[in-house]
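Encoded as structure tokens, the structure appears first; notes follow it.
To keep things simple, chains are lettered A, B and C as they appear, and every chain counts its residues starting from 1.
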Amino acid sequence: MPGSQEHDGANNPLFGKSLLSIRQLSRSDIERILGEAESMKLMLDDGKVEQPLRNRIMATLFFEPSTRTRLSFESSMQRLGGGVIGFADANTTSSVKGESLADTVEVVSNYADIIVIRHPKIGSADEAAMHSRVPVVNAGDGAGQHPTQALYDMFTVKAEKGRLEKLNVALVGDLKNARTIRSFAYALAMFGNNLTFIGPRQLQMPGEVLRELSERYGIGVETSESLDDALDADVVYIPRIQKERFADVEEYKRHASNFYTIDKKFMDRATRDPIIMSPLPRLGEISTEIDGMKNAVYFRQAGYGVPVRMAILKMMLAR
Amino acid sequence: MPGSQEHDGANNPLFGKSLLSIRQLSRSDIERILGEAESMKLMLDDGKVEQPLRNRIMATLFFEPSTRTRLSFESSMQRLGGGVIGFADANTTSSVKGESLADTVEVVSNYADIIVIRHPKIGSADEAAMHSRVPVVNAGDGAGQHPTQALYDMFTVKAEKGRLEKLNVALVGDLKNARTIRSFAYALAMFGNNLTFIGPRQLQMPGEVLRELSERYGIGVETSESLDDALDADVVYIPRIQKERFADVEEYKRHASNFYTIDKKFMDRATRDPIIMSPLPRLGEISTEIDGMKNAVYFRQAGYGVPVRMAILKMMLAR
Amino acid sequence: MPGSQEHDGANNPLFGKSLLSIRQLSRSDIERILGEAESMKLMLDDGKVEQPLRNRIMATLFFEPSTRTRLSFESSMQRLGGGVIGFADANTTSSVKGESLADTVEVVSNYADIIVIRHPKIGSADEAAMHSRVPVVNAGDGAGQHPTQALYDMFTVKAEKGRLEKLNVALVGDLKNARTIRSFAYALAMFGNNLTFIGPRQLQMPGEVLRELSERYGIGVETSESLDDALDADVVYIPRIQKERFADVEEYKRHASNFYTIDKKFMDRATRDPIIMSPLPRLGEISTEIDGMKNAVYFRQAGYGVPVRMAILKMMLAR
């Protein structure tokens, strides 16, 4: 386990720090985390038992619904021997008595060694980190960031495509509202991949993000309204449309009705054996008819969340 | 502990399999599980500490309210050293974003070593098992099956009556909608007990079930509308009326108003010292005036849920 | 650790008993608990790992919203190696099927070694204790008692003021409805502190409580409507107004609008370097402008909840 020695060394980019955005990490930081995650995956596959986080407590503060993120964090923490406190529904907490987010976090940071927070407001995780005595993990702040998702998306690319660079990646759908796309795009750019953003014009990635990606990282960046421009991709990433980010239900419906779908026909026409990724849940944008295909990696992708989050928790906490 | 050796042997009927219906088990399978449960009960009584499921994770997916089933499964798993993830309220999950049950299960099966599911739809546990990479326990699928309940109901009969066979058992109430009655009836039939189904005609057990019980197992099967036909029973089993299974509140009220009640008067008239069992919760159908009687076993029955579920979890999971 | 030896001795005032009211404890009982809590705090500060409650299960039955109490109990139990089951929302339980509190407790006491209960009805914890086979901790019964809160309030006074006696303590706000004030006042009285109750006349502490405090404990007891009478206090304790205890929203608003506020101006005018305490959450009654001051101890106070609850759990349960 070459990754293990790095924890107490100066090379651990996560120890004792909050993880708020993928952009706080360098390319070599990401490589180190993915290496540790690889060690974790081998241990899980072997059914080995080790408890480096015994007696450590993780608090999950989820102000928005979640299955994947909350359950995989809680599984990861317990697989490492740690305990979990928290809530899945802010209506059971002092928030209903009018408590501010800052106060809730300040208090809970007395009860736990690490806080994992999901909140509908952009910037809320940063605010939480300012008021916490312990490290904070941003598990999604509205349309903002979701760095641990981006990390296991990268792990998926490595595991399924064998490399992290020089790939054509098509990012499809509601590019404006899907927080996972933005975090993933920055990580992909650091490793020198070419990006094609495919979405209706009103939901395209903002121009300043596109400019920064191409200028700062020197990669190819294209935009398109046609799913046909994903046919020569190595990786197709297609989140659902985020209904809860639309103020207006009618506007949501208008977009949802003429949206992109990955189906068997698309797979037949694709030229570079692309893997299909999704942060899930999916609604109609990935047809169940491809679920059995080797390249339909979205469920395995969800599974990679556990070793990656185990690596992150261990690196942030283990002495 | 004679039961313990059987885990890695060919005789363990649960190892690595889903437990979806009591009918997948034979009489000798049930005896084996109850034997293991007896070992667990002795360990609990002695306060002994053993953790065969250390580092294993159980997911509880409860799409319907529950106290008993969820809490006793979670207690059982932790008493064996394992961890728990899950939800008690589907409104805190991706179900509200429109995710299908199949997808939720497929994802969660990456996070856990076993899934315990309760869902209002008949057949949902079978559907879950088809999409899960890990064994699934049916903890109630609407008016369908609830096999672990039937197993600790059997454990209760053995513990309180000293034997599992040749008993007169009266099953009273809403026979059509109470899923626990059907599972329990099949288990009782396998052991050669006589069954009397007592309920209003509109809520009687369907004819094909009655026929199968009597023809396949060669036991005595009777139906009645009068609680007096329970007076010569050894065991009286009386679940509450399942309000949530009635589409029409008025129909529910009509049934609830003229329903059977086990009270002190009934106990005085009973001829064979019957034990009173209930899956709980109770509403009015068991009077609190008998709570102090030795034969009012329903709370002890709830307690037997822990050693029985410990046995089931250990047999399904322990290497 | 001098406190540890007392567990199996006759001197442990908590072993095997329910903790329902601060009034069941003597002054020396409280000193013993605070001593054990001090040991726990040292262990936490050292990051030492010990698991005296391994394989023990705590059930948290929360019929009312809570962040602090539930999460700090769950953290405390897990830091001691124990497991946790329970609910944060009664709507996910059999209560919605009409089950009585007595029955719920009777059942759950089969699954756990200790029950921690919060319920909106005064006296509900006593009722729970009558129906439980295991010890019960009252974690708030409406406007009634909250003894573990009072114990860590006392711990806070000791830690921050260096002593537990001969202090002037101002208790400010909704004295009629805030359950934490009443429990704390009795504990303070046992140790011979002088109490000033400051609140609008309609929300004053009932006369019989005031009389009992002064006559039974021989301490100084005063009432006032003016916050200026807190200026010469050593300790100022100011809970939020309990909106949920008012039947009438208008009445609540009338009180909330002209209420007391601890701010920088108050701190400047205070003469005895007072510490500011609150059970939290706070609404407007403590200005965030004093959060950075050494004497703003309310967040540290929340943190003391963990070692104090660890001490209580260990003393109640450890063999």
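Definition applied: a contact is a pair of C-beta atoms (placed from the backbone, for glycine too) under 8 Å apart; a residue touches a chain by one contact, two chains touch by 3 or more.
As the structure is a prediction and not an experimental result, all values here were calculated from the model.
J.: Superimpose the Cα atoms of chain A on the matching ones in chain B and note the rotation angle, 0 to 180, in steps of 5 degrees.
T.: Rotation angle between the two copies comes out at 120 degrees.
J.: Taking all residue numbers used at the chain A/chain C interface, answer same if over half belong to both copies and different if under half do.
T.: different
J.: Once you find the CA centre of chain A and the CA centre of chain C, what distance in Å lies between them?
T.: Distance between chain centres: 40 Å.
J.: For chain C, what residues touch not just one other chain but two or more?
T.: 89, in rising order.
J.: So in the complex, which bits of chain B are touching chain C?
T.: Counting only chain B, the residues touching chain C are 47, 49, 51, 62, 65-68, 71-72, 74-75, 78-79, 81, 88-89, 240, 243-244, 280-283, 299-300, 302-303, 305-306.
J.: Which chain C residues qualify as touching chain B in the complex?
T.: Contacts found on chain C: 54-55, 57, 59, 83-87, 89, 91-99, 103-104, 106-108, 110-112, 319.
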